[in-house]
Every structure is written in C-alpha cells, then in structure tokens.
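When the chains are written out, they are named A, B and C in that same order, and each has its own residue count from 1.
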C-alpha cells in the first residue's frame, strides 16, 4: 500500500456468460509508466473501462491511493483522480480546442463556481473564467497547441488531436492517467516524439501513467513495468525485459 | 361476448397500425432514419383511391393503383429528399422528413382542398358467427394484415434480397464491400414500406371512410409509437407493437370512463415501456463501444 | 474603439441592446397611442415565438437532444398560468402586474417540473427514442386538458383575464430579455460548456468528469421553464387558451425556427423566430384560402432545401467556398490569416502521410446510440470570443 497509486485485486467482469476479464491484479507505483499489452480482444480496453467506471466490475475491486473506487460513477472516478484518453479519439469536435481543455478543468476545486454565480454573472464567475482560460492556455502551450486554440477540435490534424486528448485528460488534475493506444496510427518518428511527451508528462505533472499499446518500441522504450493480457487473464507480469522474454508471451504473440 | 368483439376489433386496428409500423421499422432498420412522412403516405394512398373510386373504378383496381403509385412515390421521395443527406447527422434527416410530411399535407390541401371527403372503398356488411355479429371488413383486415406480415417476415428471412437487407442494416459499409448495392436496397425498402402504407390506407378507410389532408398524422404517430414499443428496427416487434396498441386503443375506447383519454393512455404506455426497456420489446441493444 | 469593444466583449450584449431599443421605441409609440392593435398583437406573437425558439434551442442545439414536445410545456404553462390569473384577477385586478408575475411564476415552475419529468427518460434514452417520448408527452398534456372538464374549461378552452393590451407586449419583451439573460449567461459559463460537451461526445464528457445527469436535467428544466413562461404570456395575449393550439405541429414549427436560425445559435433563433412569426401573422391577413396553403408549401420547401443545402455531404466543398462568415472575414481583414477557417494544413499532410483519419472517411456508423446531434451553430461564437484576449 505504500506507494501504489493504482491497485487492482482480482478485477474481473463478465458479460452474460462471457468472462471478458478475470483476476487481474495490477499494482502501479507512483511516477511509474506501466504498460498493458496483449493481442487484439485480450480485454485491455475493458480493463480501462473498468478502471474508469464505464463498467462496474463483477468480481474484485480496485483502489486509487488506497481509496476504493469500485461501483463509483465515471464522473466520481474522474474527480477521484483517474483521467483517460480513448482508442478512437473522442474530442468535443464542435468546440474550440481551448474549450475542450476548459471542460476538463471545470471540476478542479480552485475553479468552483456555482450555477447561481454563473447565471447571475457574479464577480466570481469572471474571475474563474479568466483563471480557467489562462490555465487552459498554459496546458495547450505545453502540448504545442496554443496557436490552434481557437480552431474547432475536429479541424486539428490527427497527431494534434491525440495531444489535445491528453491535454484535456491532464486538465482534470488526475493522479493516474490512462492512455489507450496513444501511438495508434503514428509513424516511427511521431512515436518517438510521443515517448518524449509521455515522459515529459510524467516528470512535469508528477504523473503516474498506465498505457495500452501495440507498438513494442514504445513499450520497451518507456515502460517501467508491464502486464500482458491474453483472453482476459494475466499471462505475464513484471519488468519489460522479463515479460518480453517470457516463453508464454512469445507463444501468445507469435504462435507455436 | 362484447369482450370478444372488442378483441377482434382491436386486433384488426392493430393490424393496420402494424402494417404502417412495418414501414417505419424497415426504413429505420435499413436506412437508419425516422421517416416522419410515413404516416402521410396513408393520406396519399387514400386520395389516389378516392380519385379512382370517383371515376367508378373497381375498389381493388383503385387499391392496386394506389399501391403502385405509393411505391413509386416512396422511391422518388427517397431519391430527392433523403439520399442527398445520407451520412449527414440524424437530426438533419429527421427534420427533412418532417419537412416532407408538411409538404405532402399542403400539396394535398392545394389539390383536394381542406374539406373532409367521404369515400366508400368497400361495403362488406356483417357476418354472424354464433351470437357474435362482426363486420366482415374487420375480419378481412385482420386476415390480410397477418398474411402480409408473415410474407414479409419470410421474405426478409429467406430470400436473397431479404438477406441483403439484413446485411445492409447490420453494417452498410461491409454490405457494400460484399457487392450489395446499398442504394438499391434502401430504395427497395422505401418502396415496400410505402406500398404497405398504401395497403393499410385501404383498410383504414374501410374502417373510417373519411379523408382529409391530415388523415395520416394520427395513425402515423400511433404506428410510429407501435414500432417503438415493439423495438424499432425489428419486424416481429412492429407486429407485436401494432397489435398491442390496437388492443389498448379498442379496449380503452370500450370503457366510457377511459375513452376520452385513449390517446393519452397509449402514449403513456409508450413512455412507461421505454423507461422500463429503452429499446422496446424486441429491439436490439446497441451499446456504443468505448 | 475596436479594442474597447473587444475588451468588454460588447458584442455579447448587442442582442440585449437591440431588443431593448426595439421595445423602447414601440413602448413610446404604444403609449402615445400611435400603435395599431394588430401591430401590438404582432409584437406579442413575435416575442412569444422568440422565447420559445431560444428555449428550445437550449435542448436541441446546445444539449443535442431532439425535443418534439415543446408545445406541451407551453400548454402546461398556458393553462396553469391562465388559471392562476383568472383566480387572482378578481382580487388583484385584471391588468395588475402582480397577477401577471404570479401566473408567470406558477406556469414556469409547473412546466419546469414537467421538464424534469421528461428529462429523466432523457438520461436513459437517446436520439430518436427520446424524440418519441417528448412527442408523446406533448400529446398526453393536450388530451388531459381537453378532458379537464369545468376546472380548465374543457373543450371550450380556458378564458383568461383581459390584460391591458397597451403594455402586454412590453411584459413579453421583458420576459424575453430575462430568458436571454439566463440562457446566454449559462452558455457562456463552464456549465454551458459542460452542456455542449455532452452534445459533442457524451462518453468523453463523462470521462472528463462532467455530471451528465445534472446538466441534462438542468437543460430540460430551464428550457421547459421558459416554454411555460411563453405559454402564460400566450394565454394573456389570446384571452383564451385552447388545447388544440398546442399540437405537435406547433412544436415542429418552433423546431423549424431554430433549424433555420442555425442550431445552437441564439441570435439565429431570435432572427428566425421573429421573421417566421412576422410572415405568419402578416401573410395570414393577406393570404386566404388556397394562398394560405401555398404559404405552408413554401415553408416546407424552404425547410427541406435549407437542411439539404447545409447538411448534404456532397455539398461540403460548395458550402465551404461560399461560407458567409469566411467571405465576411476576407472583406474585413484581408491580410490577417483567418482563424475561423481551417488552416491549410497541406504541410502537415505532407509530413505525416499516415494521418488520414480513416474513421472520418468511413463514417457511416449510424447505430442509434451514436446518433449524437451534430450542430455547428455555436462554433463561430466560440472562436470569436477568444480571438482577441
């Protein structure tokens, strides 16, 4: 319990009779970049959906900094400090880039502003709006999106959309960041850039990151620990080199 | 005894609703759009028959012409108003459909005037079964409706084109990669749906021989309700929803205290069912993948 | 001068100013007796339509849920407000502002509660299904009032007090200003952003900590509150409330207004609502018989053409080329790069050839749950707002 940010215990879910994920025990320590890999359909995204409250686990439970989050709603889990990106990018397409980030910022305690205050435009409303905008710009600057802040999110090129999603996730000031295939659709050069970005996020935001990835160069390049899922169960777990040389893993990926 | 009469009346009204609902549901399932103008086809078919009966054509000939006219009409409307919007937001398509509905009503008003017209499509009289006296029209309606539904169900299940329809409804992109002409299937769906509505129009007029330009509105909305109750997109669902709604309507009308509230009861039923089962009785649950 | 405008975002207040000025002019005319009663009626109708359109826009354009029952909320407000007014009139006076205000409060609050009731299914149902529920709600309300018997006038309709014609339109425009004040303030706050975030992507909104339940209910309640207010004002304007006025065609008419005005655009709703109502009232005098029907036909055609023009995927390039805002931007500042237009990212494409967003090319995913309404309306306002700070 000492420095584990995320801990899952026997986490599992079944849809009808199908056991999509079972008995997943993960421990992600503070400031770790932890990878979750596995063949298609192994249940990786389902694990993310369990951790963010999209699904409620049918077995087991999970903790964020010791606080049990099982059974909470997505909003509550986000407020507790878990933010995520999506495999297929999900931005607020018809809103500007800066507003996308401001949606993420809205739940921070320092930007608390009641509905009443907003409806009557009391002084606090203006103060909060100004502060949020400044903070959003700060985040956008970090991701090199400041120039595009007044464009619609859907008009950004693909790579920048991915960055914007990360910026929006970070806006909610999470303790744990979940990245679902951040390098999908990127070429090697972009992937290398992305690795720098992820490391930078960890250092600059003091972040703990759990990521799903297929790109082995990215996984072996930045991950501190690794879990391999296959058919919804943990196949191997440990340090990157250990796991990647595990015969069971090689078999799952390459066949006999 | 009264109960039996009401039951049969309900089933026959339900059959009419079901026939219109089938059109709604097929178009929704395959073209993925709510064709709000569907109810107005009832009116279009009604006027076509009115014209032909006015020149003393045989009712069945009038029906045939109405069905053919509505079929072509459906293909035309789809081509002009809905096809350009394929791939646009569902709200845009829905609003266009509402516009088409308005357009049809005002066209009918311009051509035929807003006054009520009476039309007698067929006089079939009464039949006595034991101590029950039932109108033949009701029985014919019920019989034809059930037959049509059965044929349609078998067609979609077992024919080549029917299976292509299912494929398009499941995944339009994949279906077109398999060599199915999506445009053809969608046109065909509209054609079938509109033909059914024209047929329903015949039986509806047999029951209530009154035509106005807004004739289609209420039955249209009811049939739509029926389709949603049964699970929109599902053919057996449309039958089930139609029959259920017809029964509820007839039984509610049979009780004097409830009669004025019949419409409210039907719509309240819809809300309750949707709240309990958000996709209707037989609708498929489509979860958005995260 | 320009910077002064920009600094205080004065453009946010332009619509208040225009409406206030408009009201002021007509109040003076009215008090000096120069205003014909038919003009007063026209003003009343325009004001009521604008309230209805703006409030419906909150749910359809900004929350992205299709409501086909706006007339139902209005009907509730009209009957209950009218009833309260007729009860209060003997003691407070027929034209007493207090009578009006109390009935507005009752009508609005009851409609808002109904909005809460309809908002609850909105949490479970999506898109088309919700549209049916709102439609059903509108019809239920109508049937109930039709059979209400003595207490609400039954089939004859409910008679309401005769409010002073000289000042009624003033009250209507004041209500419109209040409605605008709350809705625009809401939309320009973090709460409004949360609502548009739900519209754009509900799943991402949840994951970003947006309380979807709270905001959906809020949008429904606020929208129906003002529909109820419009209903009360309508009952004062008509002297008589009849259920058959509030049928589903009326809901559609309001929907047409906001679609023509541009979904999500409050000013667009205002313009379209006043224009359509103006034409409706004016043409109703001029056109009779078949010509009146011709008017419906033209509306229907315009509606279809506008939607096809602004939504058809095939016309996308054409639309972008002849985008008014863009052309205006070119005229206004020909040298500055126009941020409102997507930047020419030819370079970006050259750099990263794998960036083609496949999901956009193959975006034929039309499953019902995914049928989030895509409105573009509020986008220009978004951009404008931030450009100069």
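We adopt the following convention: contacts are C-beta pairs under 8 Å (C-beta built on N, C-alpha and C of every residue); 3 or more make two chains touch, one makes a residue touch a chain.
Please read these numbers as outputs of a predicted model, since none were measured by experiment.
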item: Shortest chain-hopping distance from chain A out to chain C; value: 1
item: Remotest chain, chain A as reference, centres from CA atoms; value: B
item: Inter-centroid spacing, chain C versus chain A (mean Cα positions, whole Å); value: 38
item: Chain centre separation (chain B, chain C; CA means) in Å; value: 32
item: Chain A-chain B separation of Cα centroids, rounded to whole Å; value: 48
item: Per-residue multi-chain contacts in chain A, two or more chains; value: 54, 86
item: Junction residues of chain C - those touching two or more other chains; value: 203, 374-375
item: Residues of chain B whose C-beta touches two or more other chains; value: 290
item: In the complex, chain C residues that touch chain B; value: 60, 66, 120-121, 124-125, 127-129, 131-133, 135-137, 139-140, 143-144, 146-147, 203, 248, 252, 255-256, 259, 263, 290, 293-294, 296-297, 299-301, 303-304, 307-308, 310-315, 362-364, 366-371, 373-375
item: Of chain A, residues touching chain C in the complex; value: 52, 54, 73-75, 78-79, 83-84, 86, 88, 90-96, 98-99, 102-104, 106-107, 111, 113, 115, 118-121, 125, 128-129, 132-133, 148-152, 155, 157-159, 168-169, 171-172, 185-187, 190
item: List of chain B residues in touch with chain C within their complex; value: 28, 32, 34, 81, 84-92, 94-96, 98-100, 102-103, 105-107, 109-110, 114, 172-173, 217, 221, 224-225, 228, 232-233, 260-261, 263-264, 267-268, 270-271, 274-275, 278-279, 286-288, 290
item: Residues of chain C defined as touching chain A within the complex; value: 182, 185-186, 189-194, 196-197, 199-201, 203-212, 218, 339, 342-343, 345, 348-349, 352-357, 359, 374-376, 378-379, 382-383, 386-387, 389
